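Two complexes follow with chain A in common, the first pairing it with chain B and the second with chain C.
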Partner chain A sequence: MELKRYIGRRLVQIFVIFFVILTVLFLLFRLAPGDPVSRMVDPNLTPEDAALLIKEFGLDQPLLMQYLYYLKNFFTGHFGFSFHYGQPVVQIIWNRLPNTILLFTTSIILSALVGIFLGKIASWHKGEKTDICMTLGALVTHTIFLPWLALIMIWVFAYKLGWFPITGMITVEIWLDPQAGLWTKALDVLYHMTLPLATLFLIHFGSYLLIMRSSMLDTLKEDYILTGRAKGLSEKVIRDHHAAPNAALPVVTSVGLSLAFSINGGALTETVFTWPGIGRELVFSVSHNDYPLAQASFLLIAIVVLLSNLVVDILYAYLDPRIRY
Partner chain B sequence: MTGEIQKVTTVTTDIDLSERFHLISRFLEGWSIYKKSFLGKIGLILLAVFALMALCSSIPPLIDPMYQPMSGVDPEIFKATGPSIRHWLGTDFMGRDIFSQLLTGARIAFMVGVSAAFMSVFLGTAIGMIAGYTGKFMDTFLMRLADMIMVMPSLLVLLMLAALFGQLSIWFIVFFIALFRWPGVSRVIRAQTLSLKHRPFIEAARVAGASNLRIIFRHIMPNVLPLSFLYMTFQVTSAIIIEAALAFLGFGDPGTVSWGMMLQWVWKTGHMFKAPYWLLPPGICISLITLSFYMLGRAMDEVLDPRLRKEGTTD
Partner chain C sequence: MALLVVENLSVGYQTQNGYLHAVEGVSFSLDAGKSLGFVGESGCGKTTLGMAVMRLLPSNGLIREGRILFDGEDLLTKTDEEMRQIRWQEIAMIFQAAMNALNPVHRVIDQITEAIYTHTPSHNKNEAHEQVRALFKFVGLPEDRMRDYPHQYSGGMKQRAIIAMALACKPKLIIADEPTTALDVIVQDQILEETKSLQREFGVSIIYISHDISIVADICHDIGVMYAGQLVEYGAREEVFDNPSHPYTKALLSSYPTLTGEKSQLMPIPGEAPNLINPPFGCRFSDRCTEASVSCKSNPSVWLEITPTHKVLCHQCGKHCGE
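And then the complex of A and B:
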């Protein structure tokens, strides 16, 4: 019951934040130098089509009415037409969303799990070679400049060694082949995903490892660990069942706090590996002055960030009952 | 009457002096702890090297105008070539010297990192102290604002602004990074202020009739400044990364040469498989400068937090 109320409160907060973002974006589009109409209507359209679009977005109306039109269009999913692709924007970003979610969530979950696991081991061997190597490795991978790491990965593993494809998400031949089963297709995506996933993983797991390590060291000093030892529990039980679950809580918090950072990294990775996700679409549309697409991608990314924040909060409330009260 | 006033002033200078000595001794004490940190020493050495690079960045163009990082072109080479005696790290696609670009990049990285970090820490400290000290409505409002900014991916917001307002100048980028990075600092400072607020010395100051402003600046600020200072090192790191990433995507200030922009040139002109001498240096520099600021921060963390010191023999 308490959990439900907590989630409800967070939902309201998220909705308010999103509403503010929506409004700020609207104002920015109107305040920026240049003609606001040219940002929603492709300059290459015929005058009749342009007039139709202007009417649909209420661009000939006063500002307040425009805002209402904007809200209505947002909630009914009308974002206009992409200048570059000539298709409805919603269709494009709807196609890209699963790709981004696939890469993003897999990388976060993988790096958090590995970070927690390795951090546990590092803290257990505190001061020994294992610990020093892990801590240093985490520090170094964590601070590598992401796009550069991505370029190096492509250079080494795709170009020099030829193990993985250089770009893209699928091999077109396999997907056009009617004989190819679901399994082959999934393997194909996995094959393309390996390098971007490895890049994001390398960047992220370090900070989780460091947080887990120091939180584990704190937890190990708690009285209940001493009690466990006094009861004669084996060290492995104390480490894995008593200390680690509690020590992992700060990692969950840090996943939530670093989500915005991770999304930045995700967009960079998608761009370098030409992974067809929303982040790449945003970068692409900004470089090509495709305003409707940029606006919609940005809003969708904001929604993704806010909802992932909510997921992390729920997870945290589930893991730590104290937070609910 | 006058005698009394004079007495008061001498007393205050005494306090000032002792405070100054206290600061110096605190600094020395901190330094002796800092020195023991292995990572801290490496970080400082690396930073010294980068600072030297930044300081030397104006020397190559003086030797020969072809070493101008942005406009200088070797009259005999108009394409990317490998390292030679004339060009220690080779030339880029237009025949510009990569080594002098690298030196200028160090200057830009310091400029962006330190100024953005200073501004964001200044904002964060001020807002954190105000939120923590005043409490009530102001606190809720400022912290909700901080939450809101914190969930925004700053790089993508800057991209949107670049789309709407055209090319962003380097100072606009710095300013915006600062505007997006203060919430993390203000949260910590607010928590610290809250814990200070009810300490006896604050109560004493209030009873003695000190105004709110005086309490904030005179009594709370000195106690939160070490924390702000610590956060500054982490802010430098993220500011450098955001600027580099923005430049890498092609939205940097076209009037400056930054390491991110050098990477963008390698990538966009299709030289990344052909010219490792060009691909490697800027990436290594960005990574190392962030690493060294990070190590600096961790070592300072140990100085400020005695708890870390005892257990952190290996850090």
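And then the complex of A and C:
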């Protein structure tokens, strides 16, 4: 009951914050170098035609009216047409978003689970060979520059060894084949996803491992761990049942933040692996002055960040009974 | 027969500055159903002593010599697994509630039943819950709070829950380490009453560790006074109280106020406890002692029996008696 009220309150907060973001974004695009008129209107048009077009777009209206139109369009789901694709922006984003979510959610959940598990083991063997190897490995992979690792992965596993495809998300022939079942198609996507997934996993699991390790080391000094030992619990129960749930809390925050920023942070990965997701679309729209597409992508990022934070807060309340709202 | 006999126990810690002699040559015995209190200032080794009996010293802790006989068996020769079985089933602990002794992410009932399941796996859920209900009733906690989390309890309730947890496996010995220290005096008094009644009803032996001599005097049959890692005076409560023999015990008694009796000036003990990495060769209290002589500093102190149940570790006392 309390939780429900809390979520309701958070939703209102989120709505207010989102409104602010919406406004800032509106102003930002109008403050950007080169006024929107010259960017949106073809310079080859006659001045009369240009004026007509400007009037049609509503760009001759005062800023306030433009803002109100902007809000109305947003809340009725009209994001305009992409300059480059000539398709509705909503449709483009709707096509790209699942690809991004598939790749990044999988990689983050995978690296968090492995990171938490290995971090727990490392802290348990603190100072021993196991710990030193894991910590060093985590530090190295964590600090590698992502695009470089991505290129090396492609060069070794796709180009030299030929185990995985170099680009893309699907094999067109398989998807055009009417005989191919869902299972074949899923395997095809998994096959294409392996390299970007492995790259993201290698980059991310180290930070979770390090957070979990240091959090575990702090937790193991807590008095309730001593109570557990005094109660005659086995070391395994103390580690997994008493220390790990407490120690995993900071990792959850970190996972939430990674989820939130994966959409835009994925720009590099998606570009290198030509993964047809939102990140690549964002880079493309910005570099091609595709104004409506860029604006919608930014709004999408804002929504994802806000919602991930909400999910983390709810998850926290579930994991830590001390947090009640 | 004595339930617990500790003979010449020495415990130390490996520290960056060298080996720290936390407990040196401590011997005592405790009969079944009796209670023994250890008093002394911070750092005198009383907590280390309790932890050594449970064999729960931190990783840099080392039991250098001595024997700990529990029910006639030496705990120091037990394997880790055997020791794990003894913990809580035979010897339980009551921790200070101000410490985070209860795990914040688990319900209180689950933390108590966990101890029951660990030592008697045959218990089913209903039996265990029934047992917790009875324990809650005994320590005066409302049954409907069993499923709460520790942070929903007040300090006094947490302390009661910890006592209930200590009783869960019906141990023969309970080591209570400063259980009332962080509580206000009224709750402190209630907890002390409960400790006394659990001793009456369960017939359990208690080792009570405190810096507060008045608390120990309230509930213990025997009192051991510790100073700088050594037991300096040991005897029945009345004897230690009515005839404090070690200068440290005397000083300790006169540094606490009394509600009854004549008003007297509180006497602080000047100076501080010696460094336990290089403890003095002679009597460890000699630097702060008003009665110390040259021989106190140059010779190790020896035990002197005042009565069969009252001993003191002091040169001067011996001299007085000899005179």
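As a working rule, the second predicted complex is superposed on the first by the 295 of 325 C-alpha atoms of A that agree within 3 Å, B and C clash if a C-alpha of one lies under 4 Å from a C-alpha of the other, contacts with A are read in each partner's own complex, and residues count from 1 in each chain.
In the analysis below, a residue touches a chain if its C-beta (ideal position, glycine included) is under 8 Å from a C-beta of that chain, and two chains touch if they have at least 3 such contacts.
The structure displayed is predicted, hence computed values, not measured ones.
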Combined model on chain A: chain C and chain B, fit or clash: fit
Contacts of A:Asn246 with chain B and chain C, given as first, second, both or neither: second
Contacts of A:Val12 with chain B and chain C, given as first, second, both or neither: neither
Chain B versus chain C as contact partner of A:Thr143, first or second or both or neither: first
Which superposed partner A:Leu315 touches (first chain B, second chain C, both, neither): neither
First, second, both or neither for A:Val20, with chain B first and chain C second: first
Touched partner set for A:Tyr224, first chain B, second chain C, both or neither: second
After the two structures are overlaid on chain A, angle v-u-w for chain B, chain A, chain C in degrees (C-alpha centres, nearest 10): 70
Which of chain B and chain C A:Phe29 touches, first, second, both or neither: first
Chain touching more of chain A, residue-wise (chain B, chain C): B
A:Cys133 touches, of chain B and chain C: first, second, both or neither? neither
Distance in angstrom between the closest Cα atoms of chain C and chain B, superposition on A: 10
Contact set on chain A toward chain B in their complex: 13, 17, 20-21, 25, 28-29, 32-33, 39, 126-127, 131-132, 135, 139-140, 142-149, 151-152, 154-155, 159, 214, 217, 257, 259-261, 263-264, 267-268, 271-272, 279, 282-283, 285-287, 289, 291, 294, 298, 301-302, 305-306, 309
Contact footprint of chain A on chain B as seen in their complex: 39, 144, 147-148, 150-156, 159-166, 237-238, 241-242, 244-245, 248-251, 263, 266-267, 272-273, 276, 279, 282-283, 286-287, 290-291, 294-295, 308, 311, 313-315
Of all residues in chain C, those that touch chain A in their complex: 54, 56, 84-89, 92-93, 95, 99-107, 114-115, 118-119, 149, 151, 165
Chain C contact footprint on chain A (complex, rising order): 222-224, 226-234, 237, 242, 245-246, 319-322
